[in-house]
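To keep things simple, chains are lettered A, B and C as they appear, and every chain counts its residues starting from 1.
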Amino acid sequence: MKLTLAEPKYLKDSISIISDLVNEARFHITPNAVELVAMDPASVAMVVFKLLSSTFVEYELKDPVDIGINLSNFKQVLRRAKPSDTVTMELKNNQLVLTFKGTSVRTFSLPLIDLVEKEQRVPDLVFPLNIVTTSSILNEAIEDVDIVADSVSLQAEHGKFTINAEGDLTKAKIEIAASDDTKIAVDSTSAIKAKYSIEYLKKMIAGSKLSDNVTISFNKDYPLKMEYKVVDKVLLSFILAPRVEND
Amino acid sequence: MKLTLAEPKYLKDSISIISDLVNEARFHITPNAVELVAMDPASVAMVVFKLLSSTFVEYELKDPVDIGINLSNFKQVLRRAKPSDTVTMELKNNQLVLTFKGTSVRTFSLPLIDLVEKEQRVPDLVFPLNIVTTSSILNEAIEDVDIVADSVSLQAEHGKFTINAEGDLTKAKIEIAASDDTKIAVDSTSAIKAKYSIEYLKKMIAGSKLSDNVTISFNKDYPLKMEYKVVDKVLLSFILAPRVEND
Amino acid sequence: MKLTLAEPKYLKDSISIISDLVNEARFHITPNAVELVAMDPASVAMVVFKLLSSTFVEYELKDPVDIGINLSNFKQVLRRAKPSDTVTMELKNNQLVLTFKGTSVRTFSLPLIDLVEKEQRVPDLVFPLNIVTTSSILNEAIEDVDIVADSVSLQAEHGKFTINAEGDLTKAKIEIAASDDTKIAVDSTSAIKAKYSIEYLKKMIAGSKLSDNVTISFNKDYPLKMEYKVVDKVLLSFILAPRVEND
């Protein structure tokens, strides 16, 4: 296996975001992509990551291979790559060898780890709504509700996406109207409302480093799906379990 | 009541500064201004704040009203306002409702609180001297003495303002001469010298966020007054109890 | 004694770097330079500092003088000097008096301290190799190995300088080839390899604030020497004891 990236940004940013949710993970490397499906230790959020072979300037692979990696370790090494470095990944002696080429040649070797847990399967989810908006609008809204509470209500109806949180003291409400920036499609005549953890949403909106746009889907007492995508390059998507309302 | 600011800066910065000295406070809202007079919990410093109605683009008020607010809570909410947002304040259901309008509409509701303490009265102070200088000169001087001691001696005489501090190890002395930037008026033939807490002065010089100039008055064993003012907009003034010298 | 600098940068940056290794030190002030030779408290690293009289705009000195100064104290005071301030150093009443002249005149007095320890002598070292490279290449390499281990192997051979570290998990290897930026002179047919503490090297590479280039010399089980120099102005050099390899 020999995979080379001319710009490390997509790999670097993705691993940095994922390592905030998952400690150790199995990468599934196929002729099409470097893929990862992983659950956070509390089994509240799932991460689905795909770095397409078309992002690479060199993609040499005989057979699909699975490798287990400690992600905080991986993140720390990738952080040392400069934006202008080319990054090559190879497997040697049960190690993932990363070579950064710039003014000097720098090599980091990471041990592969055995993962006992079974492979994660991405659940088949069907949603009654789909919202596409700018990453910055969603970031602002999640940061707004973060100062007042630890869970948030999302509500979608025709032409309007509302984000609500009620803390012991302060309440916050953000109304995002459909516009050129925000497309709201709802397959329901009544508003759809669901509740999620702000702590997890905050980690997920870091996906804004990858893409200026985000797609959000959710349903009452049902998971939420959030997706950051760069065509022909990278997909980072999150599935988040609902906070079941007890009111 | 409906009060709207086209730019939240003056409110945002002032509340941020005041909340460093005072936890909870009563705002007195009159047809002329949003006002606050509050004491820090240790009764060492008083804050006098006035945001004039002319700063607002909309100022709708039937009768004067008093509202009690937790300031760190208020600061946290105002910090979410972007420089380009218009900010509207209204009273609804015993809550202060803040609406930020930008690309989205964001509403924060803060509970009003009952303040048992009596209303503060601004003391009538008469000073033998008055110094007007740039905020940056004063900031530098206070930061200089902060590295050597916890109290500072201020001394004013004809044409010269001297700031002195003596720590266990290091001593610092800053001499500011009268100039185009610094006007020094002293009603006394001899130098006037007084001592104050650097910890408090450091919180007060944050007023430099509002104005490039500051007015300072003090007297021996008597309070100090420091004032930041933007004509027709905002006034933030502090009164600080002296450190009585025991030498 | 009256020494004046038109720009405080070299003194300020040097003292900041040295104070990270040494707490108290004796400055030896001669007609040629302000000099310091000091050992870190663990006796692992030595600092040699020379600020040449030609750096000063005024250098008035009758006889050579030795003064003991607390360096963290000195650093804190120098940090208050603005880049545009002129800085004057004088001795008065057993104190080092620093005067910063800018928009205001600011004076800091530091007590001289008695140092019981004997004067340090710079050891005579002879090296089989000499590497000159850019400060940024060396900084990058030391920061690279810092994420994987606490000691590093340096290896020099004809045309190549290699930096290696092996942690419990990750390994790192940086290869720097001789180039226009990097001159490598080795007086040996075989490669020369030595091991040093990364913690100390990290403090020493702060010398990059002074100069864009650095000179490195080392030998197996022998000290390392690292030198930052600005011609006619300043010299900051470090001598670091080896980590004796137990393999």
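Methods note: a residue touches a chain if its C-beta (ideal position, glycine included) is under 8 Å from a C-beta of that chain, and two chains touch if they have at least 3 such contacts.
Note that the coordinates shown come from a computational prediction; the quantities given were computed from them, not determined experimentally.
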Compute the rotation angle for the C-alpha superposition of chain A onto chain C, expressed as a multiple of 5 degrees. 120
Taking shared numbers over all numbers used, above half giving same and below half different, the chain B and chain C interface sides are different
Quick check: how many Å separate the C-alpha centres of chain B and chain C? 44
If you look at chain C, which of its residues touch at least two other chains? none
Per the touch rule above, chain C residues touching chain B in the complex are 70, 73, 76-77, 79-80, 95, 103-111
So, in the complex, the side of chain A touching chain B is made of residues 137, 140-141, 143-144, 147-148, 169-177, 181
